[in-house]
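Listed after this line are the structures, all set down as structure tokens.
Same chain, two partners: chain A is paired with chain B first, then with chain C.
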Partner chain A sequence: MRTVYLAIKYLALLLWSSFIVFPFLWALSTSFKDANAITSGATYIPWLQFKPSSQGWASLFSDGSTGINIVDPYINSAVVTISASLIAITLGTLAAYGLSRFEFRAGFIKNNDITFFFISQRIMPPIVLAIPFFLMLKTLGLLDTVYGLILVYVALLLPIAVWVMIDFFGNIPKELDELAMIDGCRPIGAFFRVILPNSTPGLVVAGMFCLIFGWNDFFFAFTLTFTKVQLLPVAIVSLNSSVTPWWSLSAFALISVAPLVLIAFLVENFLSKGSLAGAIR
Partner chain B sequence: MYRDKYFFLLPGLVVLIAIIIFPLLFTIRVSFSSWDVFQPGLDYIGGRNFARVFEDTRFWESLLRLSVLSVSSVLLQYVIGFALALAVWREIRFRRFFRVLFLVPMMTTPVVMSVIWRTIFHESLGPANDILQAIGLGTVPWLSTGTAAFISVLIVEVWQWTPFMFLLLLAGLVSLPREPYLAAAIDGAGPIRTFLQVTFPLMAPITIGAIIIRLIEASKIMETVYVMTSGGPGTATETSSYYIYIRGLRDFQIGYSAALSLTYLVIMIISLTIIAKVLARMLLPREG
Partner chain C sequence: MLEMHDVSRTVDGEVHLADINFTFEAGKLYTILGRTGAGKTSLMRALMGLLPLDRGQVLLDGQDITAHPVWERKMAMVYQQFINYPHLNVLDNVAFPLRRQGVRKAEARARAREFLELVDLGSMLDRRPSQLSGGQQQRVALARALVKEARTLMLDEPLVNLDYKLREQLREQFPRILERNRNSVILYATTEPREAMQLGDEILVMHEGRILDTGPPEEIFDRPANIQVATIMGDPPISTFPGVIEGDTLRLGGGISIPGIRRALPGDGEYLVGVRPIDINIPGPIPAQVAISEVSGSETVVHLITPFGDVLMLSQGVSSYDPDERLEIGFVADNLYFFSTDGRLISAPYGEERA
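For the complex of A and B:
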């Protein structure tokens, strides 16, 4: 009975694992194909089923008219995502700390309402914001620039940072701040000297989520930039609509999702130590 | 000295209000104008755009399609995600390997993976049909018939976002207290009874949170649709966001798309609130 149960469990886990891995393996295999290998139908194993070719990967790293420029989109994506994440985490951490330690009141608005206002921004569908953002950035002269995108991404990521950090600070005992303040610290001093140094787990989790949602956003980059600045997802999708061969597309796709896959290891690490539970809920 | 508290809150609040409130107010104002590609400008035409929204069957159909798509994909994600989380929760072989692997899809860019999925669902050259044929099921016209295209989008959504559900639920499971399990073991409860009477009730708040978070994100579905089917064939996979996108940024009917956006936003907020209330009543024990 127990062996049957275990067999079913491992079979299910293996089945789901293959479903998850399949697109990556397919893309990897496709990236080594040439026109012949693609048009002769679906094949999977190089050497055995088709003759591998390196033209897909070569097209990413050669300049000139045939090459695809992946360096600029890569740098742009990294600059926008990292700067917006840093700004969002800074503002979000301060706000979350304020909301978790002090009482704010403006008429009928209290702490919970302010918290809700921050987090509820995730409900806003991007399409609702796209046109106003477009006109706003046009007025500011920030359309098609890295700065404009950073501004928009801060708004996108701030709710995530606040959400993670409020929960995190909720789990840090208030006695810690009070001890510091008895020692003569003002709240700002207590925050920087005592709380912040103890907040690394929360900050890392917030940072991971900001990186994931920033790096993977497509819609705002798609509607707010055109020719001068191109982020990775936009670069890939614009290739998708033209006659770009599958081998280049697959290689490009793999290379663009690769860095964030590393975050999965980090998340698992936190999960196994049990310290993620307080930070996301 | 307690002025300090404003130092914490204000920077973030001011930035968010500046970036969010302007677009919202602007959208409200524009929705009462006839701004389009021929006459860009803020005239005032009263509620005519909203009257048009109510008669726009294509919009209401897209909303119905979105509800079916997001509810079915989130339910699938919940069931699969919970099953996976339970499977790798306690000690099993290769536990960390499975955990990392199950998280990977949520780290990847949805549009980029959709580009790959489009090649997978290619009718003559893609592996989806190749595999179906190999096990003797015949081919499916994945992206060229309505139902199949809808299912393709659903499959991609489940692939992409089950990991997020898995993460939230597993984080919840890991943080559960041990005592109720000891009590259940002393009572001699089997695994199924333990799940129904201990794990599931303890996980109820997390379940509600996870489902709501995923519904919010799923209600924005449009990138997958844009890349894989462009809403087609016909309008078979057109979701609300994608329809508003077509009206606003392709036809440049700015005024009308603003009215659509606001209607959509209000419906979204109301229905999510109702769903949250209903879930809470169903799953949480009554107090008092």
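For the complex of A and C:
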């Protein structure tokens, strides 16, 4: 009975893992194909089913008419995502700490309402925000600029940072803040000297979410830019034309997710260690 | 000298502190005794500046510090939870308050080391709090509170989360450890009467946000101000029941009479009678039925049902009583307490009501 249960469990895990990993394997396989291999039916295994070609990868690193410019979109995406994430985490952490430690009241509006207001920004469909953002950036002269995108991405990532950090601060005992103040810190000192150094796991999680959401966003990168600034998701999609170079597109897609995969591996090890142990027992 | 004048605090209709008036003198250790929710922690937090007051004043050496924020009060506190700074090692945990006072790093660490040796943690300076046992973590918290040599040191049930043996061990060490802060006002909150009596120069008995009684431990134990104090001071607590004095005879419910009461009472009439568990013995003239018996260390606490109410008996050694077992018990008549029907002490076996 136990063997049957284990077999079912592992079969289910295998099926689900295949479902998750298949798009990556498909992209990896396609990135090593040429036009002939692409058009000759569904094949997956190089050497056995098709002859591998480095054409797709070579196009990413060659200049001239055959090459694809990945450097500019890469730099733009990195600048926009990292800047917006840093700003969102800084503001989000301060807001979350305030909301988790102090009581705010303005009429019927209390802490939970303010928290919900932050989170509600992510509940609305992006299309609802697109036109207001477009008009605001146009008025500010920031359409099709890195700065405009950073501004919009901060607004999009802030709810994530606030959400993650409120939950994290909620698990840090308030007595730790009190202890710091008893020991001579002002509230701001308690935050920077005691609470923040003990918040690294929360900051890492919030940072990771911000980077992932910022890096992968297509909608706003597409609607708020034209010719001067192009982010990675838009650059990948722009390869789609009457004759789509699927091999280059696949290689481009894989190289664009590489930083996120790397971050996920680095962070995974860190998150498995609970660094708050010993604060309170 | 630390004074509280008319200090009150009510939250959502629940009284946390009610008109507290008390003066704490430097160089004394005050134990604040009360059950959970009696207001012990609220009193400490009010003094510390962590609890906003509805009204009242807190004075330190005559200076009104009611409006001073906590970081300006220069007080020290040990929580009942083992709270330390998780990101700092043991040495820097203890040096932390000194560094905030502007003491240079080397000096702060030297003083921290001295106090860590005092609490027997001199060999664990580089460890993180998470690498220590519960008892060791609480010693770090204690050293950090002591190192400031603050004018006021508060210990909020510091031993409550430790196991029995560690609790005994640390309790025995407290007088030596606290010696360095002997010129401070030291407040020690506890729910255990034995701990309060063992450590305190004076005891404050609290109940529902009020100070019910204050004084030296023996005085409070022998002559409690009222029934509540007598109940809180006893472990197991005193048993009380109504009785009528007629001449030198005490008449109890169920037609039971105890003759030979030689006490200076205001006169015949109704009283509430108190008997400590240790003053009930077997055999005697009173029929009783065992409800349950609990073995507590080397003693046995027996819950008895009598015709005039439930009483607790404490017998030395481990005794076995079956539920519903019938016993015949007696009181040490000279050791009975007499309270008025509203609970005030009228007569105690060790002297009359205190002034």
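Please note the rule applied: the second predicted complex is superposed on the first by the 260 of 281 C-alpha atoms of A that agree within 3 Å, B and C clash if a C-alpha of one lies under 4 Å from a C-alpha of the other, contacts with A are read in each partner's own complex, and residues count from 1 in each chain.
To be clear about the criterion, a residue touches a chain if its C-beta (ideal position, glycine included) is under 8 Å from a C-beta of that chain, and two chains touch if they have at least 3 such contacts.
Here the structure is a predicted model, which is why all the values come from computation and not from measurement.
Peer 1: On the A-aligned overlay, A:210 touches which partner chain: chain B = first, chain C = second, or both, or neither?
Peer 2: In the superposed model, A:210 contacts neither chain B nor chain C.
Peer 1: Let me test your reading of the model: by the given contact rule, A:80 touches which partner, first (chain B), second (chain C), both or neither?
Peer 2: Touch status of A:80: no partner.
Peer 1: Contacts for A:197 in the overlay, against chain B (first) and chain C (second): which applies, first, second, both or neither?
Peer 2: second
Peer 1: Could you tell me if A:186 is touching chain B, chain C, both of them or neither one (first, second, both, neither)?
Peer 2: In the superposed model, A:186 contacts both chain B and chain C.
Peer 1: Report the partner of chain A that touches more of its residues: chain B or chain C.
Peer 2: Per-residue touch count on chain A favours B.
Peer 1: Touch test for A:176: chain B only (first), chain C only (second), both, or neither?
Peer 2: second
Peer 1: Do chain B and chain C touch any of the same residues on chain A, and if so, which?
Peer 2: 186, 276-278, 280-281
Peer 1: In the complex, go through chain B and note every residue touching chain A.
Peer 2: These residues of chain B touch chain A: 1-2, 4-9, 11-13, 15-16, 19-20, 22-24, 26-27, 30, 80, 83-84, 87-88, 92, 96, 98-113, 115-120, 124-127, 129-130, 159, 167-168, 170-172, 174-175, 206, 209, 216-217, 219-220, 222-223, 226-227, 240-241, 244-245, 248-249, 254, 257-258, 261-262, 264-265, 268-269, 272.
Peer 1: Quick one: in the complex, what on chain C touches chain A?
Peer 2: Touching chain A from chain C are residues 48, 50, 69-71, 74-77, 79, 81-87, 96-97, 100-101, 128-132, 134, 137, 144, 148, 161.
Peer 1: Touching residues of chain A toward chain C in the complex: what are they?
Peer 2: Residue positions touching the partner: 173, 175-176, 178-186, 189, 194, 197-198, 275-281.
Peer 1: Quick check: in the complex, which residue numbers of chain A touch chain B?
Peer 2: Per the stated touch rule, the residues are 9, 12-13, 16-17, 19-23, 26-27, 30, 38-39, 41-42, 44, 91-92, 94-95, 97-99, 101-102, 104, 114, 117-118, 121-133, 135-136, 151-152, 154-155, 158-159, 162, 186-188, 191, 212, 215-216, 218-219, 223, 232-233, 236-237, 240, 246, 249-250, 253, 256-257, 260-261, 263-265, 267-268, 271-272, 274, 276-278, 280-281.
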